[in-house]
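Next come two complexes built around chain A: one with chain B, the other with chain C.
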Partner chain A sequence: MKTLVIVAHPKLAESTTQQLLKQSIATYENVTWHPLTELIDVVQERQLLRQADRIIFQFPLYWYSAPALLKQWQDKVLTTKFATGSSFSLAHKELGLVVSTGSASKTFQPGAAEQFTMAEILRPYEALANKTHMKYLSPLVIYQFPYLTKIEQQRLYATYQQYAANSKFDHFAGQEEWINSQLKRKINTTKKAATQQSLQQIQAVLQSNEDTLADLAMTVEMMKQDEDD
Partner chain B sequence: MDTQKWVQQQVMTLIENSLDFKEQAFYQALQDTLTEQFKRIDQLQGEIDGRSWNTANW
Partner chain C sequence: MKTLVIVAHPKLAESTTQQLLKQSIATYENVTWHPLTELIDVVQERQLLRQADRIIFQFPLYWYSAPALLKQWQDKVLTTKFATGSSFSLAHKELGLVVSTGSASKTFQPGAAEQFTMAEILRPYEALANKTHMKYLSPLVIYQFPYLTKIEQQRLYATYQQYAANSKFDHFAGQEEWINSQLKRKINTTKKAATQQSLQQIQAVLQSNEDTLADLAMTVEMMKQDEDD
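Here is the complex of A and B:
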């Protein structure tokens, strides 16, 4: 799966959030980090879009929307002819959003400071995905990055890696599979014998749990069917 | 010590011995995945137990 991350941030170099995200996918060959500038080469942009299976709009929330950089890019690149019309050049691709905001998660609900949920605020992108026949992914929203603890930052780091590169990031089975494959790779590249042995033992438990879960789920399914009969 | 405690202690030791943010992030994700697995196993076993004791099916 190829992913194109379209980063729309007017002060990209100063953003610690964006630096963390960029670092987390730095070694991923199938993920292209593409920061927008005001100079837009429409032909090249469309070429990048055509090559991608998953397209991510990544931006800080400015007045409940993306910075002007992204809107300008949308207006120039996503013309009716390209995105809809007879070509539907983006059809069947996935559209993901990675949005950062300085407000707390709990403020995005009726009766709270922001009044509206994040899903409501991001609705124009959902409409865009719908119109262009793309599959809209659940957005990854980063609330108040500066207040995240080290462990929370590490969780974001790993979650973002899967959002960018795991085709099945939104199911637990897909996450298990991803972690398992990363762990196997780690075992193969670890030089210290004691660490390698520990990783192998952990991997055996992870695999065994995965098998147990599949067996239990099947048993429950059979019991449900028996009850329905 | 049961398997869950043992394996999660192993991962914790790896986190503590690592000085690399990226590596720690991976081990933390591994720890979270194991926690979720054990939780789901427990829930499914509970569900099977509950359905087995459902007198309506006896």
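Here is the complex of A and C:
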């Protein structure tokens, strides 16, 4: 799976959020980090889009929408002829959103400060996916990055990796498979024998947990069948 | 009441919709027609905003949002410090939207082509009004302008006049009052005796209708009181 991350941030170099995200996918060959500038080469942009299976709009939320940088790109690159009409060049691709905001998660609901849910605020992007026949992925929203603890940052690091590179990030089995593949990769590339050994231990524990889970799932399945009889 | 109409249209001169709207308020001294360009003088923009009681964002819907031109303006002019924070410079002003779209009204609903209602799609602007303590007006949406009949265009012409200039456009009594004041104005400025006479006839008919309505309203009120007893 090839992913195109379209980053629209007017102060990209100063953003610690974006630095963390960029770093987390730095070694993933199938993920293209593509920061927008005001100069837009429409032909090249469309080529990048055509090559991608998953397209991510990544931006800080300014006035409940992307910065003008992304809107300008949308208005220029996604013409009716290219994105809908007879060609539907983006059809069957996935559209993901990675949105950062300075407001807390709990403020996005009726009766709270922001009044609307994030799902409602991001409707224009969902409508775009609908119109262009893309599959809309659940957005990855980063609330109040500066307040994240070290552990929460690490979790975001790993979640983002999957959002960008795991074709099956939205199922438990898909996440499991992904973690295993990442562990294997790490074991094969690491040079320190001690690190390798501890990674193999983690792998063994995960494998044992997976076996237990598979046994449990089978038992539950049998119980359900008994009920249905 | 002073109104500032912020027009964000990348091809303004070619838009027949915008020409009609502009013409309809051409003689209204308290309505400022303010088309945006890419050059934004932040100080001047804020001065215009401070002077206005009603602020209208007027634009064609591109990808379920305003053209980049307006987003750029929002990002530059409406800083947190100016629009929220300690100053709340827009508080208690009204925010109106005049939005044109090529899709039909009936397509904006669940199960139809656009999937979402226009109210949902315009949430980011409602959220902006909420955040800046402005009063959000019901948007004036112009669906498929090129398909409007001559009579529908005339109705839009008059509706838009009220949306831009009538402080009480959203109540029947306010609309009535407005139409009377517009008739008086026309009678006073017209030079042809024949026109003046027919306008006075219209005025008399309207007055008679108003009297009938007032009588009916009083009867209904009395009936309600009888029920309550």
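Rule of thumb we're sticking to: the second predicted complex is superposed on the first by the 229 of 229 C-alpha atoms of A that agree within 3 Å, B and C clash if a C-alpha of one lies under 4 Å from a C-alpha of the other, contacts with A are read in each partner's own complex, and residues count from 1 in each chain.
Definition applied: a contact is a pair of C-beta atoms (placed from the backbone, for glycine too) under 8 Å apart; a residue touches a chain by one contact, two chains touch by 3 or more.
Please read all numbers here as calculations on a predicted model, not as lab measurements.
Undergrad: State whether A:Val42 touches chain B only (first), chain C only (second), both chains, or neither.
TA: It touches nothing on chain B or chain C.
Undergrad: See if chain A has more residues touched by chain B or by chain C, and give me that chain.
TA: More residues of chain A are touched by B.
Undergrad: Applying the touch criterion given at the start, work out whether A:Ile202 contacts chain B, chain C, both or neither, answering first, second, both or neither.
TA: first
Undergrad: Touch check for A:Ile179: first (chain B), second (chain C), both, or neither?
TA: first
Undergrad: Considering only the defined contacts, which chain B positions touch chain A in the complex?
TA: Per the stated touch rule, the residues are 3, 7, 10-11, 13-14, 21-22, 24-26, 28-30, 32-34, 36-38, 40-41, 44-45, 47-48, 51-52, 54, 57.
Undergrad: Show which residues of chain C lie in contact with chain A when the two form their complex.
TA: Against chain A, the touching part of chain C is residues 10, 62-68, 71-72, 74-75, 78, 114-116, 120-121, 123-128, 130-131.
Undergrad: Using the touch definition from the top, list the residues of chain A that touch chain B in their complex.
TA: Answer in residue numbers: 23-24, 151, 153-155, 157-159, 172, 175-176, 179, 182-183, 186, 195, 198-199, 201-202, 205-206, 209-210, 212-213, 216-217, 219-220, 223-224, 226-227.
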